[in-house]
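A, B, C, D, E, F, G and H label the chains in the order they appear, each numbered from 1.
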């Protein structure tokens, strides 16, 4: 059983595409909470409101860290997706975290970000631009079968 | 002797400010190569030209990794600077790498990036907005003296 | 499956509240022996009486360590409860032990202890004051659902 | 050279007694910032004021952690002092942190705390009640000489 | 499930006593090959004869190490039995190996060996003289129940 | 359950012989992709063609590393086969990788390579020349039974 | 100070070229014993003769391992040279050993070995074909200066 | 500089022979306290008398562990000497401790103990019977020079 953590962008359906494509493979996926609002507000919703936005975000980011660090630490493969919008520093942070733990990192990024992602790409075992390629890698790694 | 690695933005003089401010303290600083052009082209300059920009960058990023990973791994404190411009995914990558190794992370960032950096901030032991504050932390950590 | 170790105070039913609240979640709880008398006397009951109270306690504390260290080491999340009474140095010791191993620490403490616990709180990913909040964190971490 | 970290109580001169007693031995001591006020306020003094006492303390405890974790991680021996007053959960936290890292822990405590400290004592290689004994241990460990 | 490795003496039925006594507990036991002759000759039986007794023994000890190291590394608790006869350096070696890995060590030894075993005892969380006591420890660690 | 990774030569049926011989034993085997062509071309087949043979091979070797590193890291025993032909540096690389991780290494090699393999042999717990011997080792390690 | 271990081929002067080229840089080099005969015979010369070539070589390879493992473990950078002749499995073994420890690996190899070395190359941060390039990398990593 | 810890027997001058023989080599030696009486009584001499011999010895063994564990953990090479007399379980314990930490172990033992030490020998990189051989190994490892 291959454990795969799907890190990064939460605004498109790339995770669903990979999960659907990997049907039938011996893979277990995990991921951060992808409900943007819940993810942003979880800290204050559970632990109490904060007047200062910094602490509002800090409380939330720490709760999310319980899930994301465990996801990365228990994974065999960490897929990190960089999408079109936003700063996405959390995705790059996860990539660095995974690399330092010796995880196999697969990046799923866009050609226009190639230069900006060169350090992240250099720490990855594969750089892809389509969810389909991630699925093909998982299938190859598990079964030896290549796309026909 | 406190070993401090200064990661991130290479377009302003924040490193010089910190080094100057820390004069007289028992600190040794290290940093990535901050000559932008050398850093971009080191791979092909030494190992031979590449037709494809991806491999041009890949060769360079890997050479730089020899220096940056060692810098982070040997550091007690990793300061990560997020500046005004560019994607700066390498800075976030370094922060994640340092966090996974259990290093003390200090972030030096701008107020307007607060929300986007919340995961990185949550992994830090201090979030600063001025190089002067980094110096004050180093002084306090080493000597117990606070800014008057 | 999330592995959660419930460390600290053994005089109120906070563990039962959390376990009951987490019913239906994919969590496995572990905890120290919470029978105060058994915990105090286990060493001499099994290994033979001691004239000196120090060694009486030492034998017992070491037997308990077989259980508690394993509980912490195998946990994803360590909840540390500080109650109203007693010194509770074992709770703080467990928090330090868990923090050094990189575990996600949740503290369950009382507002009047805020200042005294600041170092422990600073090592935690969440500081709660009610067992209900711990349950809400576990539910959020596992399912993404926030309390309504 | 033996590296010794002196953790815990900051209200009596036990550190000075040990340092003076160990004169001439090949020991290097480190310790937390022992100026109570500076230690409490360092966070807001450097990083900016907080309305909420929790965050005031949190900022400070995190800055102090840069120093204390490094002190413990680089030490061969961690001496943890429990004094007469206060909760001293930070001392017990340090003991747990040191134990998890496999450091040699020496506790310096008072007879009346024996039972409450039994878990901490059980993780220690020596339990002392006088600074003089800590010095004698350091001398014996380094030179083989016993007190005459 | 508690994983327990039973190291040491292979000439009496102490392992059988512990396994029988622990019936009904959630324990899985492992142990070295306890057929003395097979253990001594396994190397040459599989890998070919040796003229020199040193290499005869070396080949065998290395094959046995595949089993014993795995047993210790995967165990939560390592019980080390010192019996009446022979040098039993392999038992002490296993105790040291287990201690360095941070395993919970229980020693099962004879009163007359107390002084000679003091370093091994000092690394153990319990020192017993009867297999029954080992069972009682396992039961207490797993269920909290003390012998009546 | 013993986890065994079968590294090295992919041109003869040594893996099949071991798997067949170990039938009935509590062993789970893993291995690299042994379809030579798929293994060579997987990188470009999934990630896109490369003009330069170096990058063609680099992309493939990195994809294969996702599988092989996981196989070695999760194994209890790593069997490394050196066959008759080719450079087989990947086999020796795997042996070094496994040795550094403290895995039990069994080498399956040919007498004529004895001198050239002396460093690899010195890091192994067994040196065999026949698949049958590997099976006998696995049977002995798991059951204590020697070949009759 | 950069610690560099020079592994592999011992029949040409590539080490001397690198050491000479790196004059003036803050580098300390280490290497295996490069006197072929001493390296082959050290075991029996010190520990006594062996009738069987396997044990002759085994004794020697283990003595050499005292030096080579320490060299690799203490290095920041491991340069692995593959020359024209011989099997050179020890070089590939060292590369695997270094990679598993997370060392920065630089390979110095010949174009005709490109395909056979693809797994080793894929684990390296740089692949060079001339000692001069290794020197240029060391200079760049330490000073940021590129070859003019 | 090679760090060598000299463990085991304290009744003959083997340590002095090795230290004298290694004069001029870049070696730093460490060792346990070799004054038998001080080593036995250090615990009670510093920490107070014990009525029970077990605790008398326990206190002493723990103080000695501060020195011996540090000695082993900081060593590159651990030499373990088994002499003529006594049980010497502490020597075998140290060998196991050193082996688990991946240290290079050299055993210095007597031919009549060959069979009893086979597990310890199998974990060593060299088995010697004379202090002179240990010196020759250290010289070879550091300089490449063999005994003439």
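The rule is short, and it goes like this: a contact is a pair of C-beta atoms (placed from the backbone, for glycine too) under 8 Å apart; a residue touches a chain by one contact, two chains touch by 3 or more.
Worth saying up front: this structure is predicted, and the values here are computed from it rather than measured.
Listed options A-B, A-F or F-G contain a single repeat of the B-D interface, assigned here to A-F, on the basis that more than half of the contact pairs agree by residue number. The chain with its CA mean position farthest from that of chain C is G.
Averaged C-alpha coordinates put the centre of chain E at 23 Å from the centre of chain H.
Mean C-alpha positions place chain D and chain H at a centre distance of 31 Å. Chain B has residues 62, 65, 127 in contact with two or more other chains.
On chain H, the positions that touch chain G within their shared complex are 2, 76-77, 104, 106, 125-128, 133, 136-137, 140-141, 144-147.
On the side of chain E, the complex with chain F involves touching residues 33-35, 38, 41-42, 45-47, 59, 62-63, 65-67, 69-70.
Chain contact summary for the complex, chain A toward chain B: residues 53-54, 57-58, 60-62, 64-65, 68, 82, 86-101, 113-123, 127.
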